[in-house]
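Input: structures, listed below.
One chain, chain A, appears in both complexes that follow, with chain B as partner in the first and chain C in the second.
And then the complex of A and B:
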């Protein structure tokens, strides 16, 4: 592990501008509700939330790199740690823990004990298939894609569905080698 | 940020998107006002309620109060925020004219002025919040926003009789 990279996002979190938590939570809730009314299909809402998250992620990574001073991660393990400890802290105010690595180190779980998105939330029976926090998986996917990692992010545990924590499964599909968009003259 | 994503979603139908964003704001305002008025006495009149919005409500949301409140004493209030937080990061096009942007009132169609369409989209949300909060306080109204000189913007509240 590179010693230079900050191990937690506390310092950054303390310094950046923050938004009122209730406003944030309720706004997200209202968006989800609006999507549910407009799209009617729970599956479609999941997809839209993921897409919105992705769009946020591909821009959020810039903000993250600019403010967090992390250096290049040597492997995917370090990447996961940085997301869990620095990324989540910076933007959500909570930290996640990284567990359940598979043998070849390409799949892991981010476990969130606490999740500000779901304050005040209860899922009614009609939306049992909804992944309420699907936006987060989209954010992670989008952000990682911008640093050349194709990933697949899925929810495996969700407190709103009766599990004890939130578990986000991140699977590294492939590392895209960096390509320069321009052709050099050699 | 929030509303831009809605925009992408409804990019072909800006009016529809605007209504959606306003509705989201309305819900948020409704719920927030519920929380922030929990421990205070009932407002005796409209002015009291509006003052609450300007002071307590606004500072909860944006860490500052409304800078200027004007009224004609006949149900129209103008709330001016000289440095509206959500607009401080917007780029300002020098050509921006006087655009009466977001019309929250359902009877008036959204303004078609294309000068600052993106920015005006961002104002539907706070408009909705104000309308939601006031409606929850028993004051049905229409809220529109004006952003002729960014990042200052003003919200015009017209109380329905």
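And then the complex of A and C:
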């Protein structure tokens, strides 16, 4: 069977089931609020959000590959573009732009202009250290790990903290060579 | 290069115009998020009742905000003050906004005057959920029950709201019924208003 042509983020998004973004936004808000009540420390909440994102990422990659027909990316540059234009669009209905590449092409920024997680949100003084959208960095890290890329994903700009946009810094740490998860019977 | 000039900046969230609520995200994005909510809460409790209570609490927070948002945006800052009015607001307006459709049915309980039921053949939050045998009657609809309670309570209609699976003849999956039991004061007020 001939490989299916990769689909654009818009095409995938138009053809999948969708829900109102406000339900999503408010549910995420409820989660963050619950974590803040339970864990008390903002640092712990950041960690937990990242962990939840990671859990999502390692499962979400399957759906991404199945629905987007994206084939193997030739390099990390292409990977970043695909995440920004297809990945974000397909799940959150928004696209990101890829910028600020470093010289050796292993670190870049995903800049989000529209972010459905943060509607209605304002950080109170007590939560200034909170990375409200930390779940997103976890998702990217988890999803890339499943396609053999170890990454470090951090927020460098966050509008809730007074910056002018949302910027996620993605750093490729290493590309894990593919191997079978089991040993041959000896 | 970073699309400068496209994004408008507002001093506070209150200066920002209220969105029309037409934006969407994928159903799976929501399902993934909801599943994390359930899994996280599972680590915080010892029993099913507690888990349902925590999901309900999370839902309550959503409901309280949904009421405020919808009254402001869709109803010109007015809210329902009568029992049937608020029930149909939940069943129609709230459901339509949150779940994209009006709820399948709204019924009055036959045995008790203070009970009403909103039923849904396939509740959005239960779409991708199968309950393990050892979790008995646990229903993730507790989250939606919480939303309903949040709306009702914030509108001045305190009630106990619970979610139940109801087996349907000829259907493989049970439907979910959200049972609303209003507080006594609500019914007394209703009677007085005539």
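As a working rule, the second predicted complex is superposed on the first by the 173 of 186 C-alpha atoms of A that agree within 3 Å, B and C clash if a C-alpha of one lies under 4 Å from a C-alpha of the other, contacts with A are read in each partner's own complex, and residues count from 1 in each chain.
The rule is simple: a residue touches a chain if its C-beta (ideal position, glycine included) is under 8 Å from a C-beta of that chain, and two chains touch if they have at least 3 such contacts.
Everything numeric in this text was worked out from a predicted model, so none of it was measured.
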item: Superposed partners chain B and chain C on chain A - clash or fit; value: clash
item: Partner chain(s) touched by A:52 [first = chain B, second = chain C, both, neither]; value: both
item: Chain B versus chain C as contact partner of A:93, first or second or both or neither; value: second
item: Partner chain in contact with A:143 - chain B first, chain C second, else both or neither; value: neither
item: Chain C versus chain B, contacts on chain A by residue; value: C
item: Partner chain(s) touched by A:108 [first = chain B, second = chain C, both, neither]; value: neither
item: Contacts of A:26 with chain B and chain C, given as first, second, both or neither; value: both
item: Contacts of A:34 with chain B and chain C, given as first, second, both or neither; value: both
item: Partner chain in contact with A:119 - chain B first, chain C second, else both or neither; value: second
item: Contact residues of chain A, present in both the chain B and the chain C interface; value: 20, 22-23, 26-27, 29-31, 33-34, 38, 48, 52, 55-56
item: Touch list for chain B against partner chain A, complex; value: 1-2, 5-6, 8-9, 20, 23-25, 27-28, 31-32, 35, 60-61
item: Residue ranges of chain C in contact with chain A within the complex; value: 1-3, 6-7, 9, 12-13, 19, 21, 23-30, 32-34, 36-37, 39-41, 44, 54, 57-59, 61-62, 65-66, 69, 97-100, 124
item: Of chain A, residues touching chain B in the complex; value: 20, 22-23, 26-27, 29-31, 33-34, 38, 48, 52, 55-56
item: Partner chain C, residues of chain A touching it in the complex; value: 13, 16-24, 26-31, 33-35, 38, 48, 52, 55-56, 59-60, 63, 90-93, 97, 99, 111, 113, 116, 119-122, 135, 159, 164-165
